[in-house]
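In the two assemblies presented below, subunit A is common to both, partnered first by subunit B and then by subunit C.
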Partner chain A sequence: MSLNVLIVDDSAAMRSIIQKTLQISGLEIGNVYQAKNGEEALEMLEENWVDLALVDINMPVMDGETLINRIRENPDLSELPIVVVSTESSEARIIQLRAKDVEFIHKPFAPEILREAVFQITGVEHGTSTLSSGNFDF
Partner chain B sequence: MKQVIGIADMKISTKADDVLITYALGSCLGITVYDPVARVGGLIHIMLPVSTVNPAKAAANPLMFVDTGVPELFKACYKAGAKKERMVLKVAGGASLQKNEDTDQFQIGKRNFIMLRKLLWKNNVLIKSFDVGENFSRTMSLDMATGEVVLKINNKETIL
Partner chain C sequence: MEQALYQAAILTFEELGFMFPVERLPENDIETDDSVRVSVKFNGKFSGQMVLQIDNAILPILASNMLGDDEHLGDEILFDVIGELANVICGNALPAIAGKQEIFHLEAPQLLEKSNLTKNPAAIARLDVEESKADVLLYIN
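What follows is the complex of A and B.
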């Protein structure tokens, strides 16, 4: 089973770093989609099968929090595992985000931290993955 | 022999004298697959886009949902001898039950078709032909002798 991943960040450099980290993390990565704001991300989610999203918070056009809210409200996307990757440092804001059932990691991040967060939310490392992407393969 | 497929149901056939048929596709999707070499075909009548809305129901009957039903359809055809690269896939239904699609709050029909497209793209399968949307009911049948798919809409038959 391979995971299709969506990376949402207004920095192309950051998107590349996240992509590379995922690719060397030991996860089996399928298609990687990139969006530079929440609006683009929603369009990609409408068009493509995505198993995991990594989302920045501060972005133009549509920020990450709005994107997460839209995902959670959409019955076809509501269960999507999300890792927030952000410079956000306000503890209150982070708690608010975590309440939306996301993992949170700070930028800048060590690659191992991102890998751990992804393993945590997908359950892949312990063989307890709730991501059933493989079940949808035929 | 006529084989009727109910709601959240599917049938696979290898018999040339079978016709697989499903009635009253509203927002539901009817999906036919047919391998013209192995002469294996199937028809599924699916209700809803994603199994995550009710995992218990999906476990009890995966044919209810697009994301769990379509893989079942393909896998059942493989077991009967079909090959993925030869399978011809056609789709009908996905209508809006409201007169005006914009007032259809749940847009199940539209969401069913979007989910199907995503799932097929993920699995490298293209749709051969489709007739979806609008606000009328469709009857869909697959002739196992020829692979021909016929739609009946308001008593008028067309080949899909």
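What follows is the complex of A and C.
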């Protein structure tokens, strides 16, 4: 089964890089949605089924941390797997973010780092597109 | 401070741009107007701005490396590419300078006219990227 992915980043270039990295990752990717801030992302999550969100933190209008909080507060979305993709380097901030049950990867990232983080949080096994039980509610 | 700038810039060019810059000696500087600049303002333990200045000639190649040849490389996407490079360099350099526990807030990258580029940065990283130049200048208020 393929994964529908939402990429949230105010940089169109970074959204494109993440999308291309996912497409060569070995994962079966379904629809890819893009949003340039948290507000747009929430609208897309209301309208579309998404299995995985990749979220930047520092964005205008609504930042990534607010978006994650809103997702976690929403009973329909609260278990959505989220990978934070950010330049944030402060250890204190990274610990705060990880406490929201997200994977964290740091920009710049090698493609295999992004792939590993997605494998880790989705429970998808290496080299397959089979989802492990209990992580998703399809 | 300068070493942190070099490390952040080289890592970012390598991993985001698939290019392999080397340090350039100041005496090899050639003044040219054919470059583009973006500024990322920041505040935290200290505040200021980081400027990435890059030769126009290398920008489409860099963008193509980052985005793939199939992307339409208009001005907007080229600005986005250099802005993201600046953002990532800044985000990596500041904690390396101030300490990993420090939290900085970075503003969105802005294009900067050369006339608005002030002299005497606190630190500068001069890079040769293939046959072009890229400079990273750090200003602290």
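Keep in mind that, in the parts below, the second predicted complex is superposed on the first by the 125 of 138 C-alpha atoms of A that agree within 3 Å, B and C clash if a C-alpha of one lies under 4 Å from a C-alpha of the other, contacts with A are read in each partner's own complex, and residues count from 1 in each chain.
We take it that a residue touches a chain if its C-beta (ideal position, glycine included) is under 8 Å from a C-beta of that chain, and two chains touch if they have at least 3 such contacts.
Everything numeric in this text was worked out from a predicted model, so none of it was measured.
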Just subunit B (first), just subunit C (second), both, or neither: which does A:Thr87 touch? second
Considering only touches as defined above, state whether A:Asn58 meets subunit B (first), subunit C (second), both or neither. second
Examine A:Ser16 and indicate which partner it touches, taking first as subunit B and second as subunit C; both and neither are also allowed. second
Is A:Ala110 touching anything from subunit B or subunit C once the two structures are fitted on A? First, second, both or neither. second
Between subunit B (first) and subunit C (second), which does A:Glu73 come into contact with in this model arrangement: first, second, both, or neither? neither
In the superposition, subunit B vs subunit C on subunit A residues touched: C
Output check: A:Asn4 vs subunit B and subunit C. Expected answer is one of first, second, both, neither. What do you get? first
Show which residues of subunit C lie in contact with subunit A when the two form their complex. 11-12, 14-16, 63, 66-68, 71, 76-77, 80-81, 83-84, 87-88, 90-92, 94-96, 100-106, 108
Residues of subunit A touching subunit C in the complex: 10-14, 16-17, 20, 58, 60, 86-93, 107-110
Interface residues, subunit A side, partner subunit B - complex: 4, 30, 46-49, 75-76, 78-79, 135-138
In the complex, go through subunit B and note every residue touching subunit A. 49-50, 52-53, 67-68, 70-71, 74-75, 78, 84, 111, 114-115, 117-119, 121-123
